[in-house]
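Shared chain: chain A. Partners: chain B in the first complex, chain C in the second.
The block that comes next holds the complex of A and B.
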């Protein structure tokens, strides 16, 4: 119910956001891309979407592993659906295999060709953007890498926001010794050479997905904290806070249900930029080899392969285009949100 | 004001200790530290036919090390003591400007770092000059020609630079202009035949190698600086004092350059101090991409090779530069803008 009862201010901001076409359509497109990435198994996978064999239907995508013997093949390991498709087509007995658009997953090395990888883009082999230097399909690596990078950034965002909002609000609201203490901590913290320290940590403990998120969150929570502190500090001196206190509201209630909604502009404006910086940082770390452990599909790892294999320009160009498109869209959304929440900032005078 | 800056300078020390103790402890917790790496190398050399590679560490190396020798090595690099003690020993050495000895090159860390500094400084200074040399005029023109074709086209470019990280720009440039079109050399700071070239040839050679990395460096700072300049100039142009100047009959050009421009430079000063850290921190990825033998690449290689004395040495220098750079920024702001008062009620901002 509360979702339908948006207050007029929020409605106005939403309208303003929608009126900024570039940002609005970027947001729509990004949402579609994210939704598609969530069901990437249906689009980019070496498992068939559907197999019709001897009158029975199989849906292998999210199912258990189906051994080759299921379909009358002579092996016990997982069915190679691409070969199965060709076999069925050649046999012409009415059996068929329906493969995803890109019939490869991000981990398998396609070494069927008689040359050495990387293979250039080819529609015939269904490597629409070619393969990397170990014969893995680039589209698959890009799509799953996108999903991982986005998941990483969102998780990082949540960590940073939880820390930033709690500490920032407390600093601004309580002030005094607590505020002073954390001011010093943040000052020390923000003086750490960020990327270098993450690399040192990553060279010490081979990072898993979660440790990398935690390490980056440990180093990255200060920015939002500082902004939250400032805006809480401003809001605290407004009359409505005194009024709430006069009515007997406790600290948690004042901060949670009165001050926080009024700092929503800060909170929301930061989201796209945090996502962009999360993706950028993760890709940089992966590029340098201090990110997620191989063979995790990642844009940074593809970039590093591409720069080592300059005779295979399709590797670099696909990643660069993908990064440019995604980051531009995220930034468009960010600009639009910022403008929707704070139209004054970009008003120009004659 | 003076007391504020004195306090800021004094605060460098605890911050510095905080940063270094954190990293130092980390490097000590590692499996596969420098001793193990040396042992591996020695074992490898032994199995490859006995060629002694590890003559470096005081002649103690050989194909196989005895326990006693390992203990000796650990003592030599201070690995035999608890972390906190060896940290303070290390810190004591830092205060006497001794950064220790590289485990990889077996020469003093400072020598290793010093040999890379000229290259990094070259790129740092060139980027600095180019950034301000391009961004300030561009910002001015964009502000004056606001909402014209020129402004819109350059805005698209600026936005692009804003959204795309500089290493991606670097990689794209490298692939397109160096690998495919072969307009520029692929990597390095100079060519292999550098020593045989004439002075003019040497300068051209450096320039030839510098074009692409500089584009990548510029892409990083270009957008923010240009927009900052444009927006602050536009704010100033709308201010009453400029309107008054024009109403009095002053030429528009003079009003812009003599009055508005000077005040618009103030926001740029806030980031000026940090540009000195660009020499170190900004160069990591780009030096790796273009294989430039500078400070950043040294840091990267030391990390890969677990050469922790060098890693710590670089951390010392970069964090000190960072800290000093922040203060320098504040000094710059106070210098160009007499209205700014630090230290009085500053904690409320």
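The block that comes next holds the complex of A and C.
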């Protein structure tokens, strides 16, 4: 395996990770899902991928909104491409519309006046998992909700880890009064009940994506500090640190270039679990109504709709299955990473 | 420790559960005796030893006010014994009606901090006043007072009370209890600023002439029915209340004696409250009260979740259940209990003032201060689609701000409907001609986008449809869901752009001053959430407010309603001119099911919808109960029944 400039230790860890099948395939699958979610507009969208009209080609997906008049329809608002497709097919004049696999977006209410939502799954209507109580497609809500939840988790993770690593390393490295002071600060800080803070914030302002990330990061950065403190403390007493210091390296250089790379295993093993907890936290908040403002697609909101409408089982079952699958995969990945990075090769985790 | 922790939580929960209450019930300053207090502040008393008894001062009368020292001799005493009786002569007394509430009340007081919980809805109607109102004719009917007369200043009423009237603890009701009511409501000890103000500003004087005759003077002259409505407050038992600076704490769990059919019986904290029927109730044989208030007991259990309550209803542990929401009526209230006829569904159309709900545009905001923009928005709101889809066609469109006041209604007003052509015209006229790349209209860099502030999570479904449809007109609506009290506060402080929600209307005539007068536009914390200010309208409002001639008032009200419509400051949404409920088949009703002023079919209390004496018509058929339960065990069926009463449909 011609991996770039990775050191043999890392290569070995990656190999070991690959050898854990369950975790490896979960990682691959998750990566594919994430990649697909990034281009969800091409797969789940009410805008056509391509329209051929009077010999001209249109690609509406990422373009500016095309009013109905563009295609000879009598309205100024956004073209309904599903209707356009049917119209072109009926007319048979050589015009055509190429729709994504799921031709709905996450906000659109597909309502008919003769039946009342939620509509059950139907291939004919292209609502493969049915609709929610206002006629929005569940696949679309799930996919865009997944993307938002994942984006949220990753952003939260970056905030938490940057703060956690800096503070944790500083505590372990400097020790003494600084360490003592921050230990107490963190102990007090981590006792702030996170749900109550969010509830208070949500009652005063509408929590936007960013405010939620910031509030949760403010309360969540402490988790990593303890581990970082311990491992820095341990590494600090190693000889290579003394050597670096003897050579005249400054504190930042010692921590940044020497200690940090040696504690990377701690950080990496925590990542998947942090992602999972980010997703669950956001879902829980949305479920309780303190999360992202409506009508943002979200799993928590679907879950709460589903539990209120048990007579429409497709809502609750879709979201529960999706959540279980994703969280299970993330956990498998985490488990595999932990095992791969474990210096004691022969320990087994149950 | 857990207890201390629990209290603020349940308080919070109660506020949340009363989602609508914060938005709808806080009709603050509405000028209505039965209205809710806003008193939320804490008592100033410090924890000294046994608080000293406070002697309430005699009624203070301002200059220019005051009742005559002796009872005028030229009074024409009236009563009402001509209107039809409406209760069923077949009604049988006895049994226990089982009902539920979502949270245990924080107090048994009816005034002071935390006294506005949902349970107060069971207590208030039992504080019977001197008169009540006939549910069909809407005329005053005798309650504690058997006769009344009007003074010649147009704002005074004299009442002669029924010597038989008793408190539920057996003490006679005297005119002194009415004098005490005003002293009590004006006192600082009750920590209820709203009541303090109402009983000082609106009730100007009260005087007992003898044990059975007293007079009340109000602030303004009004038509006679409205005089009763505004000035006929209920008595307070002087023998019961010992006023101290600790009154709020001392009386927190001491239910007051009542003059109505029920009083508080057993209280099991956190679990249930019993309302027991007063034995030998003094009004049992009065013309309009016979054959009513039949169950011996109403047990109100605490069930903290509506869906859980519904499941208990299906099991037969609760006797009745409200089904106004379409999802309950159509989807959840289905199945064998209904098909086998054990539970019956009832649908009663009534003629009550409709809540004034919809979108309120804050004219302090840029763009929304332009009438064309407001008209454009009104034509971009697809209420019809919301009604025909998620509301199952059950709701109706509210035509204008206030309807349901009989002859006061301006029936010529048609609501602005979803019409993209008209929206186009108005937006173009306002200069919003171009659309940006997301399809939203722009004018010199200004996007046609507004924030809609609301506090009812279950209205999100309705708003997302409006939002999506509005995009077609090139209008963007951002939804801002806040905690209900936060949303209410924001709207009162006029920091919103568009407010979603509205006001509960009560009484005999529509109100304009609090919602549209310019005095209330300039100030914060008022109900003029559109910041409407129009000098012509101000003048008419003041005329309407001070006029006591019915014809003139009707004319002015219709004129004002038209002006509200023409200003476009509000886009009215829905009305629900009916109530829907379900009950086990042993709960029996008169053939007519309810009256035109019935707001809840299975209400056991003396009044419903605030003023009309339409409650307490049901009775419990114990034989039928045994039969039903036995049949259910054996799997036998009865005829499934859905009873619809649309005689009063307008």
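We take it that the second predicted complex is superposed on the first by the 340 of 350 C-alpha atoms of A that agree within 3 Å, B and C clash if a C-alpha of one lies under 4 Å from a C-alpha of the other, contacts with A are read in each partner's own complex, and residues count from 1 in each chain.
Everything below uses one rule, namely that contacts are C-beta pairs under 8 Å (C-beta built on N, C-alpha and C of every residue); 3 or more make two chains touch, one makes a residue touch a chain.
Predicted model, so just to flag it, every value in this text is computed and none were measured.
Enquirer: Once the structures are superposed on A, label A:203 by its partner contacts, choosing first (chain B), second (chain C), both or neither.
Expert: Both: A:203 reaches chain B and chain C.
Enquirer: If you stack the two complexes on chain A, which partner ends up touching A:192: first (chain B), second (chain C), both, or neither?
Expert: After superposition on chain A, A:192 lies in contact with chain B alone.
Enquirer: State whether A:313 touches chain B only (first), chain C only (second), both chains, or neither.
Expert: It touches chain B, and chain C stays clear.
Enquirer: Quick one: is A:327 in contact with chain B, with chain C, with both, or with neither? Answer first, second, both or neither.
Expert: After superposing on A, A:327 lies in contact with chain B but is clear of chain C.
Enquirer: Please name the chain, chain B or chain C, that touches the greater number of residues in chain A.
Expert: Counted on chain A, the partner with more touching residues turns out to be B.
Enquirer: Taking the two structures together, which residues of chain A meet both chain B and chain C?
Expert: The overlap between the chain B and chain C interfaces on chain A comprises residues 203-204, 289, 311.
Enquirer: Sort out for me which residues of chain B touch chain A in the complex.
Expert: 11, 14-15, 18-19, 22-23, 26-27, 29-30, 146-147, 159-160, 162-165, 167-168, 171-172, 174-175, 178-180, 186, 234-235, 237-238, 280-281, 284-285, 288-289, 299-300, 303-304, 306, 311, 314-315, 318-319, 322-323, 326, 347-349
Enquirer: Per the contact definition, I'd like the list of chain A residues that touch chain C in the complex.
Expert: 64-65, 67, 75-78, 107-109, 111-113, 116-117, 133-136, 202-204, 206, 289, 293-295, 308-309, 311
Enquirer: Using the touch definition from the top, list the residues of chain C that touch chain A in their complex.
Expert: Touch list, chain C to chain A: 307, 327, 330-332, 385, 388-390, 392, 420, 424, 435, 437-439, 457, 460-461, 463-465, 467-468, 471-474, 479-483, 485-486.
Enquirer: So in the complex, which bits of chain A are touching chain B?
Expert: Chain A reaches chain B through residues 179-180, 183, 187-188, 191-193, 195-197, 199-201, 203-204, 230, 233, 276, 280, 283-284, 287-290, 303, 306-307, 310-311, 313, 316-317, 320, 323-324, 327-328, 330-331, 348-350.
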